[in-house]
Each structure stands twice: as structure tokens, then as C-alpha cells.
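As written, the chains take the letters A, B, C and D, and residue 1 is the first residue of each chain.
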Amino acid sequence: MGGSYKMFHELDDWMKEACGVFGIYLKDGDNTSTEAARITFYGLYALQHRGQESAGIAVSNGQEIILHKAMGLVSEVFSPDVIAKLAGHIAIGHVRYSTTGESHLSNAQPLVFRYLKGMVALGHNGNLVNTTELRTRLATLGSVFQTTTDTEVIANLIARYSQNPLKDALVKAMIDIKGAYSVVLATEDRLVGFRDPMGIRPLCLGELEGNYVLASESCALDTVGAKFIRDIEPGEIVIIDSNGLSSHKALYSTRRAHCIFEYIYFARPDSTIDGTNVNRARRAMGRQLARENRVEADIVISVPDSGTSAALGYSKESGIPFEEGLMKNRYIGRTFIQPTQKMRDTGVRLKLNPVVETVRGKRVILVDDSIVRGTTSKKIVSMLKGAGAKEVHVAVASPPTICPCYYGIDTSRREELIAAKMNVEAIREFIGADSLHYISVEGMFEAIENSRESMCAACFNGEYPIPVDD
Amino acid sequence: MGGSYKMFHELDDWMKEACGVFGIYLKDGDNTSTEAARITFYGLYALQHRGQESAGIAVSNGQEIILHKAMGLVSEVFSPDVIAKLAGHIAIGHVRYSTTGESHLSNAQPLVFRYLKGMVALGHNGNLVNTTELRTRLATLGSVFQTTTDTEVIANLIARYSQNPLKDALVKAMIDIKGAYSVVLATEDRLVGFRDPMGIRPLCLGELEGNYVLASESCALDTVGAKFIRDIEPGEIVIIDSNGLSSHKALYSTRRAHCIFEYIYFARPDSTIDGTNVNRARRAMGRQLARENRVEADIVISVPDSGTSAALGYSKESGIPFEEGLMKNRYIGRTFIQPTQKMRDTGVRLKLNPVVETVRGKRVILVDDSIVRGTTSKKIVSMLKGAGAKEVHVAVASPPTICPCYYGIDTSRREELIAAKMNVEAIREFIGADSLHYISVEGMFEAIENSRESMCAACFNGEYPIPVDD
Amino acid sequence: MGGSYKMFHELDDWMKEACGVFGIYLKDGDNTSTEAARITFYGLYALQHRGQESAGIAVSNGQEIILHKAMGLVSEVFSPDVIAKLAGHIAIGHVRYSTTGESHLSNAQPLVFRYLKGMVALGHNGNLVNTTELRTRLATLGSVFQTTTDTEVIANLIARYSQNPLKDALVKAMIDIKGAYSVVLATEDRLVGFRDPMGIRPLCLGELEGNYVLASESCALDTVGAKFIRDIEPGEIVIIDSNGLSSHKALYSTRRAHCIFEYIYFARPDSTIDGTNVNRARRAMGRQLARENRVEADIVISVPDSGTSAALGYSKESGIPFEEGLMKNRYIGRTFIQPTQKMRDTGVRLKLNPVVETVRGKRVILVDDSIVRGTTSKKIVSMLKGAGAKEVHVAVASPPTICPCYYGIDTSRREELIAAKMNVEAIREFIGADSLHYISVEGMFEAIENSRESMCAACFNGEYPIPVDD
Amino acid sequence: MGGSYKMFHELDDWMKEACGVFGIYLKDGDNTSTEAARITFYGLYALQHRGQESAGIAVSNGQEIILHKAMGLVSEVFSPDVIAKLAGHIAIGHVRYSTTGESHLSNAQPLVFRYLKGMVALGHNGNLVNTTELRTRLATLGSVFQTTTDTEVIANLIARYSQNPLKDALVKAMIDIKGAYSVVLATEDRLVGFRDPMGIRPLCLGELEGNYVLASESCALDTVGAKFIRDIEPGEIVIIDSNGLSSHKALYSTRRAHCIFEYIYFARPDSTIDGTNVNRARRAMGRQLARENRVEADIVISVPDSGTSAALGYSKESGIPFEEGLMKNRYIGRTFIQPTQKMRDTGVRLKLNPVVETVRGKRVILVDDSIVRGTTSKKIVSMLKGAGAKEVHVAVASPPTICPCYYGIDTSRREELIAAKMNVEAIREFIGADSLHYISVEGMFEAIENSRESMCAACFNGEYPIPVDD
């Protein structure tokens, strides 16, 4: 049991992260039971794709909050012995993936704090854009920080306003913070969820045998057997306690800005977010892509698994048969064994291997969800040609990624985004494809079926709904 | 570092197991280099689907054999520190999955032995059918056993014949043992592979920059950048040393008996085994299944991932569109957290979740690779109906599994095989499907394209190529 | 890597603890070198007796502070890999033993904080008596707390005063806090040590090849090869930076109150604290004990190891020969294996075993350093009688422990202190000794050679130098 | 859970080791109870000083033998979860310290084997001298070896003779093996102990509430609450089963050869071995040493802990007062952190620190149990002088160690034994002492009180009771 921590001198350090949150309030909950913790465990299990680096659960037994968190997958972090200590009728959970090289136990969530009014546990998905300013302001007032998370900033703000009732303190804190946030919060006797005024990151509400559940994605509700009720509204606070649920519209914005990348890549296909099923959106994007770019070919294949939905849509629209042309090794874990030079040259084979019989002599359309830096696409194209593909046409189910995300998804720095530096033809040449096709921004919006005013597509069009300092 | 071992009083205990083996001989190998071990690491990585319980690598540096093995996935068992100790120009590796509850480090492979002629390391895939008899015979001669593996029996036989040259000792041992075996073996200066006279389990030979490689499946050759040369022949011994490769036809059988289950479920789709590509075979079985059983439906879906190839074949043949109707949680690890009662009832949701939008109101054909005990199928059908599927027709890309396997694949005991106890209609009723269709035994053989005389399909037709005592 | 944390609703929870601290500033320090961390590692090694539950080291490389801490012994917490990450020219370290059942990674030290002026790491030995008041005051101002340590309170106070230069902020914080504290603190470019105005817990200054070292006890200086310079004065702040050492007399008290229990039991015999060598003090107490209580006996034995110094003094004064009558198992680690009933009855045998030949038929004087609850003494007396001792006379080298400690040493709660409930004769009867002798309070002071005005002996005489609320 | 194994090409590799063994047979034992395992756990705990590298327990439940072993201390290897799996009425245990750099889980004991008659578990303390010959003989007959332990050789011999009843097979095996051995052995329904014909290594019998117990030393009997009955006779086999205990005098030798080093250093002082209490022997050696070598001095100090008994004897005989002049760090664990150059020069300080006040200005007699290579003595003398000792006279409670041990105690290779290369004066000069005194061989025998014919003192006089090949 231990932990290495590295902390930075700067009061802020752009820690863009991908995360998932979950919470449950068992209304007739027995505080000696671990049921809330176990349901949260399985909720996090279903959200594991949102963060594989650390996991944590905090439970409240009405008197105090008990926390366990560690680096690792949900199934590694929680053993029966650990769960046995997490008795209580309220639980929140968090999975986290830090996109920087720096990832520490001290930044794992939930964070638990004691303040004037008692204890509070918080789990946060998103990224604030005014953290530097808030930290400086708080530090001037005497705050100290033990982590580099936005979550600690939010907790300090709530503490600043702690002379007010919790709801009012939350509203005041929400007024101060700018950026993307979907937060689950537990006190000794309440479960709270709140979402930024544009609804950038997802958060939904479900019901499990009469109890309220909060989750980043609906697939977590399904997994624990809960029924989807509705998405938390942008700017809404829901407070669940022994009196049931109360909803407060804390902040109002005319602009909604649901992250379009959730649909393209990040969320699980069986989730429905803000009214749109992810799988349906991906298929629709595949179909739209086929409509926009007619290519003569023998087969459509995908980069598994995230490109498969779009590839099936593409196949259906174009009439070109879908085949499994690339096999994925399902057991890829973290490995630090140095490959040989030969393996390094064809690195992607460790993850993906072409089915030679399927692609040999064929004109292949390779559908991928997105191209970020282009290096992986280059290797896959080369591998397919090496396996005998006559032509490889790359079709991308999202537009060129030209701008970085500041709201909680790691899309790399601008200088690493290939589409920020090259035009389509140059990218095609770089990856060695016979042709390269992106869906258009217009086509993407059409496929998603949400009005473009309700989405954030800044990574594709540079229209940031919230101004970013720096 | 440790290990709990349990050993049994009986001299034999039917430890059916699934395994993968790999070996490499670097002809100009530097004995201070870990290249052979690192290539073997990646080879095992590619074979991880054949065994997830333990992994091991033994290297020979010309003087001695050094071994590391442990319980866990390949990426868990080998760290750079561990690999650093495995310098030598010959390496063999093994992954193992024990299908019994009893699985111990002492049974992990490779096993390393010292005998009259020096040291030998062995890794075995398969299952012998006369182990009891052999153990008794050897024990009467004074042998002791520290494991319950067939591998230890093979090693003791080689030691018995150690007055002979290695090749002759191997031939004599092969005469004694009955059953399925594909073995890789390393001495201080040789790499050896041998395969049972009917070729039940796969074993192939490749070439990597002038060096010979042995692997259970060709996908492991691809992963390390090796070129496929040929399958090891049934009954063949290949010995690789500083003089190159020599082949010896040790045993001859008129009957070949390649395991048909490798094509149906066990092997990776991108592997080609004994001349047949696995993906192609699965697609062909899906097509054949569709030809044999015409069903009216709106969509074809699969049980991912092993049912997908067949489902795509089914879709193509039938013209009914393929959709992703079930999403799989890719992060399922070992978990021992007790689910709630509700989760237990719908247990499969932790692994699979229906895409409601895709299946709601639809007549669904669900393609699976096989049905063993029927309980999982029952849960999936129920889950699909719960998601709103109007009809669920189950199409199985293998015939009813009516007999247990004694040659190294766990198909459960006979009394657990639902098709050994019920007819198709009873199974259909049990799993709650609207209709249930199996491919015919004839159709399966036709799809695989190998003559039925060259395959073992005992689990489907009870025709065991090697008599089993007991 | 992980950690279970339990946090309490109350803002304070009397976490009395025993701890050791160490710090070093390498003046020509290479910030890419781990020398400071390695010296600190060995310093903590020498202080391990002051806390066996968690260990931590924080280093400053001039830009930032890097921390590693974990539950376990120093040798378990730090591996070469971990040390390799701790490069920097300033290091502080901490070992901790929590005397409550609740001990968590989150309470392990050093704690590292970022505040307005940058980063700061703190390690604390002692216990504050006005934590509740300070926490409430800070919480009212908006502070949040992530641990239950006094250290976090001190850090928050420093942050409150952060508009001032560090030295002034420290003085202001020292004015606020009441109780026992010896603190080592590191910023990006300074090493600081400060001690409460009565000097309750020890802290000394040494010199290692021109560099300053701080340590709880002089034995840690010896271990790393440093020379003892002097004790840090009560109420003194020393600040070490690139300009050398500056000393500031922050607080002044007419009363010194060095903890007498350090000499009796807690410190290592080879340490010299505030001018008195621990071994010499213990021997003197043994001699004084013999002078005060003449007992006819054949041999003097000790409860190893802490009773041996006093027993040797007792033997010398009384002329009764010292023998090793009890052997200690040196390998006692944490074990949670349930002993049998028989072992439970004689539990102490797992730790101590009588040398039968030595004690059989003898009149034995058993010298122990102190009696807290009496249950262990009872078992030892019974064990010696069982081994054939004719008489067992217990001589205790400290007076009856009648009051709990509030300044950082766990002497159990008042209701558990046997001497708080019974007179000497009743204790004698309880433990089954033939006679029982304590050193007198006067005799103890005389033996220690320090004036009674300079010591805290509250646990023996109830004269608490600092009033305790509650 | 894992293990790295290295195996050697040579059939033998002089693996001198120090070990401890324990065994218990619960006659009314409940095979679902873990009582036998728990008693064995505590027995090994008491024998931990005999081996700190690996620990193991094998239990028999009447049907089969279950084993757990791992690298580490007893308290690290066994958790409640592990013990819970070790139900059965017979248990044997083993602790091991390999004196070579090569120490592997595969060599940890007990070893468990299946042979013609069932299962057998063995734990061995000692060292055979004809292992090479036995291994070659067995290998010629077809045996294979998976470890480099003598124990595996013994097991193979028993298996060779397995057509005979167990007792006869044991006798035949004992006829074959030459060297030192005290073995505990368990079958499904018997507990067996046997000892080499000269009784080189210790083994004793005890009784715990009507049940028989075997242990390397009597301190283990004390710890578990058992009563000492007698030592196992040289050449004796005791077999304990449901009919009670039967004794068989298997081999007879006119020569006894109890290892004298057990008394000098290896055994625990509270143990009584072959009639002589270890503490008494050590004190007697200290007295004898003082009688043989009169030295003018102020104080007697010891190298703790093993030199303390002799130092007390020396002090008593000489009238020079005993003082604690060196303090030992009780928490020395395995550490691999690189000390600084300064620490390396005075390396011993990490373990031992002088009490300056005690030794300053004094003429010191330093009593140690033995000098092997002389380097540690040199450092201690230098450290004492550095602490101000006026003179340092070294008195060694054993004669010069001139020959290596081949019977199971690591006394280093001959070329490392300083007394094999230098005379006393040269050693004195090397270690920097003012005078150096060894006890005489005659004096040692007198002190031990056993006739010299009953002891092995080969390391001091080169008279090896059993010829050693090579």
C-alpha cells in the first residue's frame, strides 16, 4: 500500500483528463451493508472505458465518509476485503485516466474533505478552464492544495461558501468555476449531482428498485439493473436525501455544448447520451461518410473496436460488404518489454493483425473513428498493403481534428494534431493511403441528429463555447 | 513471490487444459542477449487467448536453462527486471488455462528438469489419455512426481530412455504416450518441437530473419514478424540446432484428427491452421448455417467476439443485415465482488449489454459459435427480449455438443453438456428462443473444407480417434 | 499502490502518535542526485523504533517537491526504484506509529502542500492540544481538511500567514498552536526545523561533511556518519538555506518540559537527548531503584530489550548477578494467525521465552522499564514461575504511570492505566509477583540528573506543563 | 504469485544451508481444522533464526497433502487466507536460508512428491556429502530432478525403495545417504522424523496435550506450549500415526558428532540441545575464555545479541563489569539502497552503534561469539576507538575457525576464513585490536560439558567425522 506523488510548483498544470463518475443513494439503506459500494463497483466496471488509471469509491454511513482508491483497474483496486470496509447507504465512485505522464494516487478520486459543515466526497469528470485564477484567488485567502485536481478547487470553493446551506454554496461555486464539469458529491446524508451550464460532459439519472442512481453513461445504469430516467440538465443540481430528489436549476445558458467526441469515440456504443444513442450516431456517421465519398472497393473493414459501428453503416450505405480484416489482441495490457527492432517497425501488429485471406488482392476501405497524429493509421495502411491489399482507402468517421480540447478529453496538443498541420492530401500521402476521406462537419452534425447549436465540436471547427485563457 | 500447491492422492486427475506454446532458436544468438526471451514474450502475448492463468518462459544460454513462470497474464508475469534475467539464444514459452478449479503454480509450464544428459525444458499443449497407466508404470520403477501435469510424465519417459540419443529417446517416449500433444522442448543447445501422430492440436513452423520459430498458431508468427513456413506434420519431430533444422517422421498414422473446435471457437481468426484460415472457416460456417436454416428476421447480431465471423457469413448468405446488437465490456477481469440479487439474475449484463435502439421491435437472429451448458444463451435471449426484441432466433455455428473432449479442450463434463441431455426443441424451450438452429455435422465439414477424415469432431459425433480408458 | 482512508466527522480525534523526523540540506547538492534521499533513508532506518507503521521522504530539487510515502517499515517502503525518483538537494523524512486502530496512508507523513508562496513539505513529531479549536477556526475561514493530522493544521496556519515572509509565518503559526511539536519542513530551497517552547519532543542538529542535518535523536546522526552539534532549543526555529543556518528564538517559555518517557522507554539507548545519554539515564534509574528497594534474591533479569539497561544498573548497585532469563524472538512481525487456546493463555511466549536453566529454583528480580496495563507483567511472572523460579520480585524503573500523555506518546487511556486504578499492593497481587517495587518520582528525577523543572513527568505526577482542553 | 528459478547444469552445487524443521500429529485431529497448521506456523516463528529466506507448511488431511511455501519470513508467507486452506491433522514446516547467492522458490521446502505409495512431504535440515554420486546413480536409473536440494534426492531414494514398507524404505535410503540430516516427513497418515547416525543437526520430540511434536530446537516446543520429551537419537526413525509413536534404531554409529556451532552461534539461547542448554554453554565459554586470557580492562561489552551470553560469563569470571557498549538496530531488514561513501566506510553503524558515554576513555573487552572473515570485527574495533575507547581487547568465545563446514552451516569457503590464512597476531593486527584472545579448543569442549567424542568441531580442528568427497 503506498503511493508516489509529484507536485508542481505552478499553481496550475493543464491536467486534461478523461473520467467516469457514478453515485447511488439507497433510501432504506442499511448502514452496515456494502450494497451501495458493490453497486458502485459494478457501475464503475461498466464505465472502465472512461478511465483505466485509478479507481475509487467513497461511502457514507450517515456519520462519516469512508474512502478507498488506488491506481489500477476497478477489478484490481477492489477486493472483497476492501469492499467489506465500505459499508454505508450512499456511495460515489470515480474512474480516471490522466492524459499527462504524471499520474499519482494523490490525484485519484473521489477526494474526501472535512469542512465546517462536516464531510464531503467529490468525483469530477471534465476540465475547468479558470483553475489558475481560482487557485491563486483561494491561495491568497490562505487555502493550501494537496493535489493538482480541479476537484480540490471545487471543494475549496464549497468550503468558502460553507456559511450558506449546501445548495447555495454549490450555486456560488458553480458561478465561480468555468469549464466542463459533471460532478457527483456525497455528504454524510446526501447524494448530489451537478453539471456545467452547457452540459459538456454527460451525466444521467436512473432508478434502481426505488433508489436514485447517477452515472456518466446509461450503460452503467443497464449494468447494475437500473432504469434510465433522464439526463441531468445543463446547469442543474440534483440533491437526493431521505426526502427524495430535489432539482435546482442553478445556472442557465442559452447555449448547449454536448461534447461530440463522446459520440465519435469516447462513450460506449450501448449508451444513450442527451437523447442520442451512441451506436446509432456512429452508424449514421458511417452512412453519411459513404454518401459523401463514393469509393470503388471490394470490402469495407474497420479499425476495431471503435471503428466498427461506422464501418457497418458505411457498408450498408455503399453496398460494399463488411469484413473483419483486422484482428485485435484482446489481452493487450501494459507492457514495458522492449520489442525487437523488427517488431518496433511494425509495432501495431502487437495490437492488430490483418486477416491475410480477407484482404489479399482486395480494394479495401478502412473505416476509422478519427485520426489524431496519423502514425497509427500509417502503420495500419502499411500492414494491410503488406498483407496483399491492392488498394487501401481510408474513410474517417469524423472531420479533421484541428484544435485541442480544453474540456476534459485528451486530443493531444495542437502541434501533434496532424490535421492542424497538413491538408487532406498531405495526410493521405503521409499515411500512404490510396485515398483519404473525412466526413464533413455538416455531415457529422446531420448524422448526430442534434442541432449543431447543442453540440461542442471545437476540436473540429475551433468554435470553443467557453473562452479559454492562456 | 510464492505459491499455493495442492496435490492429489490419485495418480491422475483429468486435468483438461487449454494451452499455447512458442519457441525460438537464434542461430547467431548472443547468450548474453534477452532477444529470444523478448520475442517469446510477444509470441505468448499473441497466444494469450489460449490460456490466461499462468505464463512462463525458459531460456537456454548454452550452459544451463533459466526459467521464470507465475500465475497471471503474460503482461503481469513478465517485467523488464524479469526479462533481464532471461538471457540466452534459445527460448520456449507457455500459456496455460486449467479448466479445473485447481490451478497451481506447480503446474505452470514450462517445466524444467535435470536428467542424465543435462537439462531440458518442456511446454505442452494437449492432453494424454493414458497418463494413469504411464504414471503407475513410472512410479513402479521409482519415479516421483511433483506436479499433476502430463508434461512431467513425458519428461520422465525421456529420462527413462536417456541412454539413447535425444531423438531416439523422443521417439520411444512418443510410442508410449497416447493422446493429443504439441510439445516444444529446449535443451542446452537444441530447440525441439513434436506433434502427436494425428495432429490433434496445432503447431507450426516459421522463420524470422533466418531463425526458426515454433508456435501453436500462425498469429504468433505474424506478431513477432516471422514468416509462416509450414505446419509441423502429425507424428513429426523437428530438431533445431547449430546445424539447422532436421525433421524426423517418428510416428505414422493413417488418420489425421485436427481438432475442429480450434476453428469453431478456440483459435484466433487471423490464424491459419493446417491449411485453413480460421476466419474463413467461421464465415463459411455462418453461410452454411444460413443455407441450412432459413429464418425470417430483420437483423442478424452476434455474441461478441467469437460469434461475429459466423454472424457476418450468415448475414451475407441470408441478406439480412448485420448489426451490433450486443456490446461487450472489454475490461472484464477477475472479480470476486458479490453482485446484488438483481445483478445475479441478469448476470450476463456485466459482460454484455444489448443496444436497445438496435434490437427494439426487431426480429433478431442471434448467432453464437456454440452452446455448451445453455445457461448463458438463456440469459442473453432473456436480455434481448427485455430490450424489446420481438423475436429471438438462435443460430449456432456448430452442431450440438454431445460428447466431452479428452484431447485438451474443456467442453465440460458430459452431464453438463445440454445437448447431451436434451433434444433441440427442449434446448430451445430452455433458452427461451423463438427458434433454435444448429449447423449440421455435414454442413460443418463442408464449410471447413477439410475432409472429415482429417478432422476430430468427437465432441459433435462421438467418434473419438484415440480410445480413452476410464 | 493504493490506500484505504477513513475520515471522521468530528473535527478532531485525539490521534496520539509516536513519530521520528529527519532532514538534510546538501549545500553543494546536485539536484539530479539522490544522495539527500538516501541519507534520509538511513536516518529513518535508525529512527525506526519511533514509528513502524508508515514512512515517507519528500525531496526538493529547487523547483518542486517530490514525495513518496507508504504504510510499512522504512525498508519495505523504499526500493532502489523509488529512491531513484527522489532526486534533489533537500530531503525530509518521517516515520509514524499511530496508536489508534485507525491508521491510514492519508495520515502518513510528510504532507506536501502548495500554497501562495510555493510548495512546502512537513513532518511532525508530537501532539497539539488545541487542534479542535484551531480546526474549527480554520474551517470557519473556509479551510478544508483531507487528513486528521496536526500537521495539516500547522500547514493551514502557515498558509493563512503566507502574506508574511516564511519565518514570520512560522512564528505566527507557533503562537497559535499549543502542545508538543518538533517539526522538519522543506520548501523548494530551504530546510527548516522548529520545536515547541518547552522542548517536549526531541530534535537535534548535526553536521555531515559541511551540511546540516536535523534528527529526532542523535543515533540517526551517528548512523549516517554526521557529527552532533547541539539540540534545537525549545521555541527555536532554524532555517537552513544557501546562506547557511540562521536561528530564530521564536517563542520563549520559562518552563522546559522534556519528555521523561523518552529516557525511560521510547528513545534508543545510544541517543543523547537534551544533554542526557539515554543508556546512562536508564542505568542510573536501575541503580536508584536498587538503592530504594533492597530485595533478597539470587539473580537479576530484565524484560528485553528496553529493561536491560536498568537491570544492569540494578545488578551493579545490588551486587546480585545479572542473567539473561528471558529470550526475545527477534523476528516478531505482524501476524494475524489465530493462536490455539493454549498459546493464547501464555501469549507472551511467542515474544519471550524463559531460559529454564537460568531461573529454575532461583529468587528472581525482574526489572522492567514501566508497567502500563499490567497484563503483560502478569503473564511474564506466571511464565517465570512456570519455569521454576522460586520467587519473582518485580522492580520497575519508572514510577507508577497514573496519567495519560497528551503530548505525543501513547500511554493508553486513563482507565487502562493499572496504576491509576490500584495501589501498589493491589497491582502486585494482580500480576502475581512476590514483591513489586517502583522507583520513586524523586529518585527518578535524581537519576535523570536533569532538574525536575526541565522535565515533563505528567504521566507520573499529573503535572501537565501545558493545559489540555477537554 | 510467481517465482524465478535457476537450475544448474552440474548435478550438484554445494548448496550449504541453514534450516529449521517442525512437525505435529494431532491424534484426534479434525481434518477440517487448521489447528495443526497454526501450531506449525508458531513453531516456525520460533525457529525463524534458523532461516529467513523462505518458509513453508505442508498439511495432510488423511487423503492428500496440501502445501504452501514462498520466499520471505514466516509472518510474510502466511496470512489467515493462506492458513485457511491448510486444514488437516498432520503438518510439517520448514524455514530455510540458502547461503549461496542462488535462492529460489523451487528450492523452498517442504517438497511434496507423489510416488507409488501415495504422497509424501519432506523438510530437511543439514547437508549431504554424497549428493553428486547419488544424483548420478539415480539419473542413470531414469530419475529427473526439478530442484537442486538434497531433499529431492532423499525423496527419490525413498521412491526407489517403495516396494518396501515405508520404514524399510527409509532405512535403505538412510544407508545410501551420507552427511548431516534431520528430516521431518509426512505421508497422508503418518508423521515421521529421522536423524543422521551421528546426530549432527538437532531434532527433538515434544508433547502437546497428548500429541507428538517434532522440532529442530526446544524453544519451538516452548513457544507452542509443548513439553520437551527427549532428543531424537542419532540414527533413529520415529513414526507417529494413529497407533502412537514407534521408534526404530535404523543406523548405529559409535561416533556422535553434534554440531558445536549450534551452541556457539546458531541455536537460540533458550533451547536445550542434546542435553546442553545453549545459554549455559555460552556463559560457560565466556567464563572459560576469561580464565584462559586475563586482560586488564574497565568494562566488558558484547557484540549483540549472540555475544551477550558469553560476555556476561566473561564479566562474572573476570569481575570486570558488563556494560551495553553497542546498540543494535532491531529493524534491520533487507535493504538495497546504496549508502553514501561515508556510510560504506563505516557500514556497520547501520546495524550497530557505540554508546559513546559508556566506552569513552575506557579499556574495553569486546566479546564476540566467533570471527569468520574478520571484516566486521575490524569495523567494530575501529568504531569503538572512534567513540573514544582507550583500548579494545577482542575476546572470542570460540576457537579460530580454520575449516569450512560441509554439514549444513555456512562458515564460508576456506579461502574466506581469516583464521585459515593468518595466525592470531596477524588477525589482531588486521582487525586493529590491542589484543586478541580466542578460547582454546580444549577449553571450549570443557565449557560445553559434552565429551569431545560426542561433538563435531571440524570447523575448529579439521576433524571431519564423515569423509567429504571433492
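Definition applied: a residue touches a chain if its C-beta (ideal position, glycine included) is under 8 Å from a C-beta of that chain, and two chains touch if they have at least 3 such contacts.
Quantities reported herein were computed from a predicted structural model and do not represent experimental measurements.
Asks: Could you tell me which chains make contact with subunit A and subunit D both?
Replies: B, C
Asks: Please identify each chain that touches subunit A as well as subunit C.
Replies: Under the touch definition, subunit A and subunit C have no mutual neighbours whatsoever.
Asks: Go ahead and note the Å separation of the Cα centroids belonging to subunit B and subunit C.
Replies: Here the centre of subunit C sits 59 Å away from the centre of subunit B.
Asks: Between subunit C and subunit D, what is the separation of their C-alpha centroids in Å?
Replies: Centre separation, subunit C to subunit D: 35 Å.
Asks: Any idea how many Å lie between the Cα centroids of subunit B and subunit D?
Replies: From the centre of subunit B to the centre of subunit D is 48 Å.
Asks: Provide the list of subunit B residues touching at least two other chains, using ranges where the numbers run on.
Replies: none
Asks: Which two-chain combinations touch?
Replies: A-B, A-C, B-D, C-D
Asks: Which residues of subunit C touch subunit D in the complex?
Replies: Per the stated touch rule, the residues are 35, 38-39, 41-42, 45-46, 48-49, 52, 73-76, 78-80, 83, 208-209, 219, 222-225, 268-270, 272, 277, 279-280, 305, 308-309, 312, 316, 321-324, 327, 329-340, 342-343, 345-346, 349-350, 353-358.
Asks: Please give the residue numbers of subunit C that touch subunit A in the complex, ascending.
Replies: These residues of subunit C touch subunit A: 1-9, 11, 63-72, 77, 82, 85, 105, 111-116, 118-119, 136, 139-146, 155-156, 159-160, 162, 188.
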